[in-house]
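Structures given as C-alpha cells follow.
Shared between the two complexes below is subunit A, which has subunit B as its partner in the first and subunit C in the second.
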Partner chain A sequence: MAGRPAGRRPWQLLAGTAVLAAFAALAVAAPLAGSPLRPDLTRGLTPTGLPVGPSARYPLGTDLLGRDELARLAYGVRVSLTVAIASNIASIAIGAAVGLVAGFFRGPAEQVLMRLTDVGLALPYTLAGLVIAAIMPAGLTRVIVIITALFWSYPARLVYGEVLRLRRRGFVEAGEAMGASGLAVVRRHLLPQVTSLMLAYSPLNAASAVAFEATLSYLNAGINPPAPSLGNMISDGQAAITYRPLLVIAPGLAVMALTLAFLLVGEGMKTRDPDARRLSWLGR
Partner chain B sequence: MARAMMRRLVFGLIAVTGVAVLAFLLEFVVPGDPARAIAPRAQSAAVLANIRAQLHLNQPLVVQFASYFGNLLHGDLGMSYVQRQPVAALIGPRLADTGALALAGVLAEVLIGGTLGVLAARHDRVRAAVGAVNLVLLAVPVFVLGLVLLLVFGYQLGLAPVAGGAGPAQIVLPALTLGLIGAPWYAQIVADQVQEALASNWVRTAVGKGLRDGYILRRHVLRNVLSPVLTMAGMDLGSYLSGVVTVEVVFVWPGIGLLAYNALQNLDRPVVMGTVIVGAVAVVAFNLLADLARMLADPRAREEA
Partner chain C sequence: MTAPPGTPAVIGFEHVSKVYRGGRVALDDVTFSLPPGGRLGLVGESGSGKTTCVRLALGLERPSSGRLTFRSDPYPRGRRGLRPLRRQVGFVLQDPYDSLDPRMRLGEIVAEPLRSAGRAVPGRAPGEVAGLVAGQLAAVGLPGADLRAHPSRYSGGGRQRIAIARALIGSPAVLICDEPTSSLDVSVQSQIVNLLLEASRERGLALLFVSHDLDLIGRITETVAVMYRGRVVEAGPAQLVRSAPRHPYTRALHDAVPASHPRERRLARPSAGGAAAGGALAGGASRSGCVFAGRCPRATPRCHSERPPTVREQSPEGPRTYDCFHPISS
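And then the complex of A and B:
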C-alpha cells in the first residue's frame, strides 16, 4: 500500500485474516457444494458399501453413509463460524458488564459477582458442558448457550482487573471530582478502554469457542447428527479411521486451521496494540 | 499461613456445597422421569409409583434435599439407575484409573513444557520456534490430537495398543496427549521466569561471587520457576481428576470422565451428580494443595498470605 511504511502490519494478522476469509467464503458457498444430508447410494458408496475416496465428483470423498464430505465440511464450518461469532459476542458482553459493575460500584455487588466469576473459572469446562447439554435439546442454540455460560467469567475477570487499575488513574478521579455521575464516568472514561481490551481479547475467545464447539459435538453434546458439525464429523469418521483416515483428518485439520487463524489474528493484534500486550493466549 | 489456609479451606467447602446444591437442583431440571429410566418397560402405574416411593421421589423437595445432603455427608452418593450399584462403588475404582492418568499427564506436560521453556529462554532462535510449536499445540483440540496420535502410533506404526482399557501400555498415548496439550502453558511460564531470573540482580551477584553455573541454576533460577509451575501442576491435577472426559472417551480409558460421559448418554442422573461432586472436591482439594506447596517452596507466597 502506498504511503504505508513496509512491515507495519504484522504477518500474523494478515495470515490469520486470510485463512478466516477463505473459511468464510467456504461457509457462504456451502450450498454450491451440494447437500450435506442426502446420501448418494449409487456413486457415493463402493459396491461393498464403503465410503468412496476423493474424486472429481467428491473432492474429499464421501462419509460412511455416502454423503458428500466436502459439503458436510462446508456446512460444519458454517456452524463453527456462527458459534464463534455469537458466543463470542454474548460471553464478552456478559463478562464485560459483570466486570464493569463489580469493579466500579464495588461493595456487595462486587463480592457476589466476583465470587460467581471465581466459580465460573474453577468449573471443569467439558464436564460442565456435558451437564448443561443434558438439560437442553441438541442444536446450535444449545452450543451457544453452553459456550456463553462457561466463557463469560474470564473476560469478567479481565475487565474487573482493568477497571480496578483505571479507577486509580487521574482521569477517572478527575471526572468524579468534577461531579460526573457514576454512569457518565463509566461511559466516558471506562468503556472506551474496556472496549479496546475486549476487542483484543475476542479473537482468543473465538479460537477457544471453535475448539470447544468441536469438542461438544464430538461428545454428542452439541450439534447432533445428521446435522453436520466438524466435531461430529470427526466422531463419525472414527469408525473408518483404519481405512479412510481422511474422514477424521479433513474435519480435524479444519478445526485446527480455524482455531489457529483466530489465534494468529489475536497475536497480530497484540503486536499492534500496546494495550493488548498484557493479553495472552495463556489466559485460557 | 495457617489462617490463610483455613480461609481457603472454608471457601473451598462453600464452593463444594454450592456444586452439590446445583447438582441436586439439576435433577429436577433434567426432563424425564427417573422411575421410567429405571423401569423403561414398566406398564402399570403402580410399579412406577412404587419405584418413586422407594427413591423418596414422592416426598416434598425439602425433605428430599435434607436426606440427599445427609447421605452425602456420609459418603453415600445414591444408587445408579442403570447399573443398580451404589454410585460411590462405581466411582471408587475409576478414581484410581483417572488418578493414574492425571498424574502421568501432569508429569508429561511439566517435562515437555519445562524442556521447551528452558530451551526457549536460553536461545532467541529457539524461542521463536517454540512459540510456533506452542501456537500449533494450542490450536489442536484435545480429541483431534488424541486421534492423530492413535492413528499414527496405534494403527500405522503399531507401537501402542488401540483397544482401550487401563494399563501401563495403554496409558502412554493419553498421557502424551494431555502432556502435549498442556505443554504450551508450562513452556511460556518457564521461559518467562527463567529469563527474568537470569536477568536479575541476585543471579548477577551469584555469578559475581564466582558460584558454579549448575549451582546458580538449581539454587537461584529453578527455585524461582518452581513456584508457578507447582501452582499450575496442582491445579491441573485437580481438574484432570475431575475427569479428562475427552481424552478418556477417545482412548476408552475407564476413568471418571468416561463414566460421566456414559451416564449422561443413559440419563443416569445419580452417577452424573456423583461424578460432578467428586470432581468439585478434587478441584478444590488440589487447588488447596497447590497453594500449600507454593507457600512451602516460595517464601514470598508465605508473606502474601
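And then the complex of A and C:
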C-alpha cells in the first residue's frame, strides 16, 4: 500500500488553516461590513418591529434591535480570535514557565507550583470563570484574564512531566555539569524541547479558549452587550429562535467552525510532529 | 605525568557513602584520590557504584556522608557554588547519542563550556569562538567539520569525538570519562581510547576513567580502584592489580574478560583462587560482611558476618589495598 508522499501536508492541517484564514479575513474586514452597534430602525426591522431576514443589504439579516447580523458576526469572530490568540499565548507561557521551574529546580518551588497547578486542574472552569467575572469589569481583558487564569495549569502539567523526563537525559545533565547556570540550562536545553510540545498543544488550547469565551459571553460573564461576541449573539438570538433561527444558528456555527478548525490544525500537526502525537484529540 | 608527593589531589573521595531514597546503598565508605595529571581507573560490573562516583565528582549529586574534595577544598553546595569547580572538569559520558543535545548545532555544542564560563558570550568575537571550536574538532579527528550540522549527522564514534572536543575546549584540569567506549563499535573503541590518552598526556590532564573492562583500565590508567556493590574492594597500581589480583572479585573480573588469542584464552582460565565469574549480580551478601561473600568461592562464615579490614601492602610498583580475609596469594 502506497503511503502518503513525503513532505505532503495532511489534509486536516490544510483544511483547518483554510477555515482559520477565512475567519481571520472576516475579522480583519469587519469594519467593511458596517457598524455592529448602530441599529437600522427603518430597514433593519419589519413594520411590526421584528428583525428582518437575509437580504442583499443584510446577508444574515438583522438582530432584535435591527443591527446588521453579519457585521456583528464579523466583530464577534474578531473577539473570538483575539481571545484565542492572547489567552493561548499567555496561558501557555505561564504554564511552560511553571512547568520548567517546578520540573528543573524541584524542591519547595516544585511543591508550591505543582500544588497550585493541581488546584487549577481541579477547578470547575465555568463556575470559577463566573467568580472571577464577578470581581472584574466587563470587557475583552476580563475574558482573556479569566481564560488565562484557568487554562495555564494544563500546559504546566504537560511541561512539568516533559521536564522530569528530560532532566535525566545526558545532554541536560551535561549542561549542568559544564557549569551553566540553572536558567541557562533551561533556556538552552529544555525550552527548545518543550517548545515543540507547546506548539503542538496550542491549537487544542485555542479551540478550548474559543468555546469557553462563547460560554462566558453567553452567560453574560464575558463580553457584555452591546459589544458583539459569538456567545452573547447566541444568547440574544434565543428570544427569536422560533421565527429567526439564523440569529442562533449563524454564531453557533461560527463557534463550531472555529473550534473545529483549531482542532483540525492540531490533528494535522499530530500527524507530522511526534510531540503532538502524545496529545489527545480534545486536549482536555 | 604524575604529581609530586604532597600535591593535593584534584578530586578526593574520603569515606564517601551515597544512600538513595528507599535505603538503596550506591556507595559505601569509598575512598580514593586523583592526583594532578594522574590517571585513575574505576572498574567494576553494573551496579558497582562507578557511575555514582562520576555523578558525585561532577557535582550532579551530593554524598550522604563522607567528604568530597577538589584540590583539597570540600565541594561547595548549590549550583552557584559548584560553577567554578565544574568549569575545571571536562567529561565524556557513556552514551554519545544522549549526551549531545539533538537540537543544537555542532558549533554550539562544542562551545557550550566556553559560554557557560562566560568566555564566549554570543555576539562577542564569534569568529574567535568558531576558530577555537574548529581547532578543537580538528584536534579530535574531525577537521573541517560543518559547525552548523546537527549531531544526528554523525555516527557513535563521531559523536564521542564531538563530546571529547567539548570536554577539552575549556582547558579543564581533570577529564572524567564514564565508560566512553562501551556503546561504540570495537573498531572505534581503540581510536577513542587513544584520543583520550593522548589528550591526557599532552595537556597534563588528570584522568578519571570508568569502565567495566579491567584490561582496558590496565592499559589506560596508572592506578585502579576495583568496585563491587558500592565498595572499593581492591585498589593499587593498575598493572599489578591486573596481573596479580589479591581480591577474588578482581580475579573474577579479570577472568571474565574474553581473550581473543587462543594462547591468552588458555592463560585466562580461572585459577583455583578465582571466583564465579559472570555469576548473578549482587550475590546476596549482607552489608555487615564482605559484599562479595555470596559469590566468593573462598568465603567462610566469617566473611558473611564480619566486614574485612582494609589490608595495605607495599610493592615496588606502589601501594596496594584490598578488603579480604582470604586474599589470593601470588
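Here, the second predicted complex is superposed on the first by the 274 of 284 C-alpha atoms of A that agree within 3 Å, B and C clash if a C-alpha of one lies under 4 Å from a C-alpha of the other, contacts with A are read in each partner's own complex, and residues count from 1 in each chain.
One rule holds for everything that comes next: contacts are C-beta pairs under 8 Å (C-beta built on N, C-alpha and C of every residue); 3 or more make two chains touch, one makes a residue touch a chain.
Quick caveat, the model's predicted, so the values are computed rather than measured.
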{"item": "Joint occupancy of subunit A by subunit B and subunit C, clash or fit", "value": "fit"}
{"item": "Touched partner set for A:Gln238, first subunit B, second subunit C, both or neither", "value": "first"}
{"item": "Which superposed partner A:Thr259 touches (first subunit B, second subunit C, both, neither)", "value": "first"}
{"item": "Which of subunit B and subunit C A:Tyr218 touches, first, second, both or neither", "value": "first"}
{"item": "Touched partner set for A:Arg187, first subunit B, second subunit C, both or neither", "value": "neither"}
{"item": "If touched residues of subunit A are counted for subunit B and for subunit C, the larger one", "value": "B"}
{"item": "Angle at subunit A between subunit B and subunit C, C-alpha centres, nearest 10 degrees", "value": "90"}
{"item": "Touched partner set for A:Glu173, first subunit B, second subunit C, both or neither", "value": "second"}
{"item": "Closest Cα approach, subunit C to subunit B, once both complexes are overlaid on chain A (Å)", "value": "16"}
{"item": "Subunit A residues contacted in one complex by subunit B, in the other by subunit C", "value": "none"}
{"item": "Subunit A contact footprint on subunit B (complex, rising order)", "value": "15, 18, 26, 29-31, 135-136, 138-144, 147-148, 150-151, 155, 184-185, 188-189, 239, 242-243, 245-246, 249, 257, 260-261, 264-265, 267, 272, 275-276, 279, 283-284, 287"}
{"item": "Complex contact set, residues of subunit A against subunit C", "value": "169-171, 173-182, 184, 188-189, 192-193"}
{"item": "Interfacial residue positions of subunit C with respect to subunit A in the complex", "value": "58-60, 79-80, 82-87, 89, 91, 93-95, 98-104, 112-113, 115-117, 166, 170"}
{"item": "List of subunit A residues in touch with subunit B within their complex", "value": "119, 122, 124, 126-127, 130-131, 133-135, 207, 211, 214-215, 218-221, 234, 238, 241-242, 245, 248-249, 252, 255-257, 259-260, 263-264, 267, 280-282"}
